[in-house]
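For reference, chains read A, B and C in written order, and residue numbers begin at 1 within each chain.
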Amino acid sequence: MTTTTVQASHVHRHGVARPGVRHALGRVLAVLVRSIAIFVPVFLVATFVTFALRSLSGLSPARIQLGEDATREAIHRVEAQWGLDKPFFAQYWDWFSGVLHGQLGASWTNGADISTLIGLGLGVSLSVATFALLIGVVVGFVLGTLAALRRTTWLDRAITGFVTVISVMPAFVVGIVLIEIFAVGLHLFPSAGYVPAQQGTGPWLAHITLPALALSFDVVADVARQLRTSLVAAYRENYVTGAVVRGLSPRRIFFVHVLRNGLGPALATLGLKFPALVGASVVTEWIFGLQGFGRFANDSAQAGDVPAVQGVLVVSILLVVTFNLIVNLVLARVTPASQRGV
Amino acid sequence: MTTLSEKTKSTATDRTPSAPSVLAVRDVHISDRVTDREIVHGVTFDLTPGTSVGIVGESGSGKTLTCRAALGILPPHFEVSDGSIEICGTDITTLTPQQWTALRGATISAVFQDPASYLNPSIRVGPQIAEVIRIKKGLNRRQARHRAVELLQATQLREPELVYSQYTHELSGGMLQRVLIAAAIAADPQILIADEATTALDVTVQAEILDLLADLRERTGLALVVVSHDLAVVAQICDKVLVMRQGSVVEHGPTRTVLHDPQHEYTRLLIAEHEQYGLEKFRTPQEAS
Amino acid sequence: MMRRILSLTSGRIALGVLAVIALLALLGPLLAPQDPLATSGHTLANPSSAHWLGTDNLGRDVLSRLLDGSRVSVAGSLEVALTALVVGAIPGILSVYLGRAFEWVTLRLADTLVALPFLLFAVAVIALLGNGLTQAMLVTGALVSPLFYRVSRAATLAVARSQYVEAALISGASIGWVVRRHVWAKVLPSIAVALAQTIGVGFIIVSSLTFLGIGIQPPKPTWGGLLASDLGYLSYQPWAPLVPALLIMVTVWAANLLADTLRDVSGEAGRALINNRKAHADRRSKSDLVTTGGAR
């Protein structure tokens, strides 16, 4: 990273800015356009499937509000209130234009604004997910790097073994183990609940540490494994020999040349991992009693609250898409060569 | 070898034969430790400033291993099992990793076939040259950049400023080889090893790169080791030549002598193969005289 | 193929573990020493000769519940894998042959499915479309199908670009014939790898869903459900989650190991690997009379 930024600043200073800057800008634009070209259809298809769920489910707000033995007219009246008597595509259009304006509709169970409800839970979930990603990336990075640098030694085998074990642990198993050790056994962390960061960083961290750890195992395993593989592969590349012959130190070769190229695939796995992370939040939030996004999803699904579920899915897709966009942009910066001709 | 080089006074560059050798390879044997097989069975040559030695042979003849031994980058479980290599009077077996790092780039450097793969694909090529200058010569960023552009210019690249800010995948093979040469000579080494450096290039580009190397030798007193499977390449640029086959040197001597009067059957075969590819023009002056 | 897998230790272990789990699923309910649904006053008991793994909060025998629940988990993960195979592999292969429009649409669909957080989606779809594990697994299978789509498409592309297939098409062979004759042979190994992986993934999903109590009626025992009920009584029975958790992990691990082994032994590289191992074994058994060059 440093080299390119440095280079860019030099270009400015020497007044020959055009090629370099145009390059960088063009690349960012190209990545953006390409990502959007992929994600717009994804978003359209996903929202359509999401919306079609209601028709498929045959659920109705009348059932929830009026109970099983409501009269036909009463059901009709309620459904008309919710606009469910319109043709399918008219309904879809209403809903979709609402989504584009950030309006996800009202809950069938209590009529509350779904965007607000999700917004409330999102803070919890994003705190946990971000923390989990942080742990996953840092620990995965350290393990993967150590294994790659000491490949075929006992350390490499130990790390590989450890990574294998944690990669087969589902989030809920990790969650239970963590509660056992740190909450029930050692009383170090609270076993459930959440405190917003505004009420103190300490309690906030204490409450999100265990859920974040539970979520992070999967990320640790994937990042470590991928990083080890790609670093080992990068060390076999000729440009490493090239750098050695030019008299660069091993440390410099690792940080400037090998790491940069080895990081790409690991970053890409992170992009693929994110949906799983969002999904697993359903389980961890259930275990740790967090009133987050995943818990909201689970509760509304169980209650048959279709608009709420649709809202959750739309938001989760948005999260995934945004995250992937960021990953793609970072990737384009770190390994520009990988963007060529893709 | 020294005696041989004394005989080659007629070569284009007139050097004193007594100049201290920058690279002395003495009866080097290289073995694979795992299979316990000896791959290279004794190679000897001396390199003085401003001269060039060519090593010719088919793939697997041990020429690349010999060069790698001199650079201290033998593949895993290969080792110099006998003989010695001295760089500027220092036996390389006595070098610590730190000393090796200091020596490479600043004293001995190398360029290879497939130049694109020897440059980092994720970093613009210019900063990779500037990096060497900064690390090895202690220049600051601005000076290093300036020097790198100069080097790109010196390697006869048009628009060096533009090339500076490009990635490997944006440059052609010939341009990349020039960039790789610029990076290799960035810290002013005394020895440059060119291992099949022109092999994958078009014939015209190949000739240009060889001219560039010859020019560098003239101007800076760089000592060259040119490794190639192609006798024509070596003939164009080298004062002395070693012909290797299956790990052994089957013939060595001044280039003109070897080309004109090959002693070993394999050398004759190589020359015969080249007859119709224009090797003649290197032989005619000798024959005429 | 089978012989190649069995020639490696990792393959033997993986297949061995999976065979045991499969047997559990087949015979588990019959092996259960007690009625898995029968409650008793003996709640949260420690392991004893009557209850090898103790009892749960309603006094039900944990071992019996574990054995009885194995079928759901195994059947569920198989269902996920097979659905994914059908939904993914067939369009994957066809995408290479059926023209650009089909290719574009299926590629976009695959992109979409990958971007969906599948556990969340599975939870939503199942809750809305009816509470049954079969539907749940069908949906999950469809959601993880892009793996098969990509793998089979990549393998098919590699074959389709080969000259013998081109020659067959030029000489008038039908697409169906080409697929049957040439493509299957190349695509199968990569599909086998994906299948083993998906069984592992499916197992985690089934366990997660049953853990949440989705897609299953309450008294019916499942491995995930056992863990969920243990969660409330961790301070009384801290060891209780051990066996179901280990069972889940070992199964997933064996499936992953099988996938790795399959990847190692398939294709040209695999043949070389096996030969190499044999060569090594031979040499060792001949007690190194002659030091051969290592290469054979």
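Just so it is clear, contacts are C-beta pairs under 8 Å (C-beta built on N, C-alpha and C of every residue); 3 or more make two chains touch, one makes a residue touch a chain.
Only a predicted model underlies this, so the values are computations on that prediction, with no experimental measurement involved.
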Most distant chain from chain B by Cα centroid: C
Centre-most chain, if every chain is reduced to its averaged C-alpha atoms: A
Gap in Å, rounded to a whole number, between the CA centres of chain C and chain A: 24
Separation of chain B from chain C, taking each centre as the mean of its C-alpha atoms, in whole Å: 55
Centroid distance [mean C-alpha coordinates] between chain B and chain A, Å: 51
Sequence positions of chain C contacting 2 or more other chains: none
Chain B residues touching chain A - in the complex, by the definition given at the top: 71, 73, 97, 101-106, 109-110, 112, 114, 117-124, 126-127, 131-132, 135-136, 141-142, 145, 161-162, 165-169, 180, 183-184, 186-187
For the chain A and chain C complex, residues of the former touching the latter: 38-39, 41-42, 45-46, 49, 53-54, 56-57, 59, 164-165, 167-173, 176-177, 179-180, 184-185, 272, 275-283, 286-287, 294, 297-298, 301-302, 304, 306, 309, 312-313, 316-317, 320-321, 324
Residues of chain C that touch chain A when the two form their complex: 108-109, 111-112, 114-129, 200, 204, 207-208, 211-212, 214, 224, 227-228, 230-231, 234-235, 238, 241, 245, 248-250, 252-253, 256
Residues of chain A defined as touching chain B within the complex: 3-4, 6-7, 10-11, 13-14, 16, 19-20, 23, 237-239, 241-250, 252, 256-257, 260-261, 264, 334-337, 340
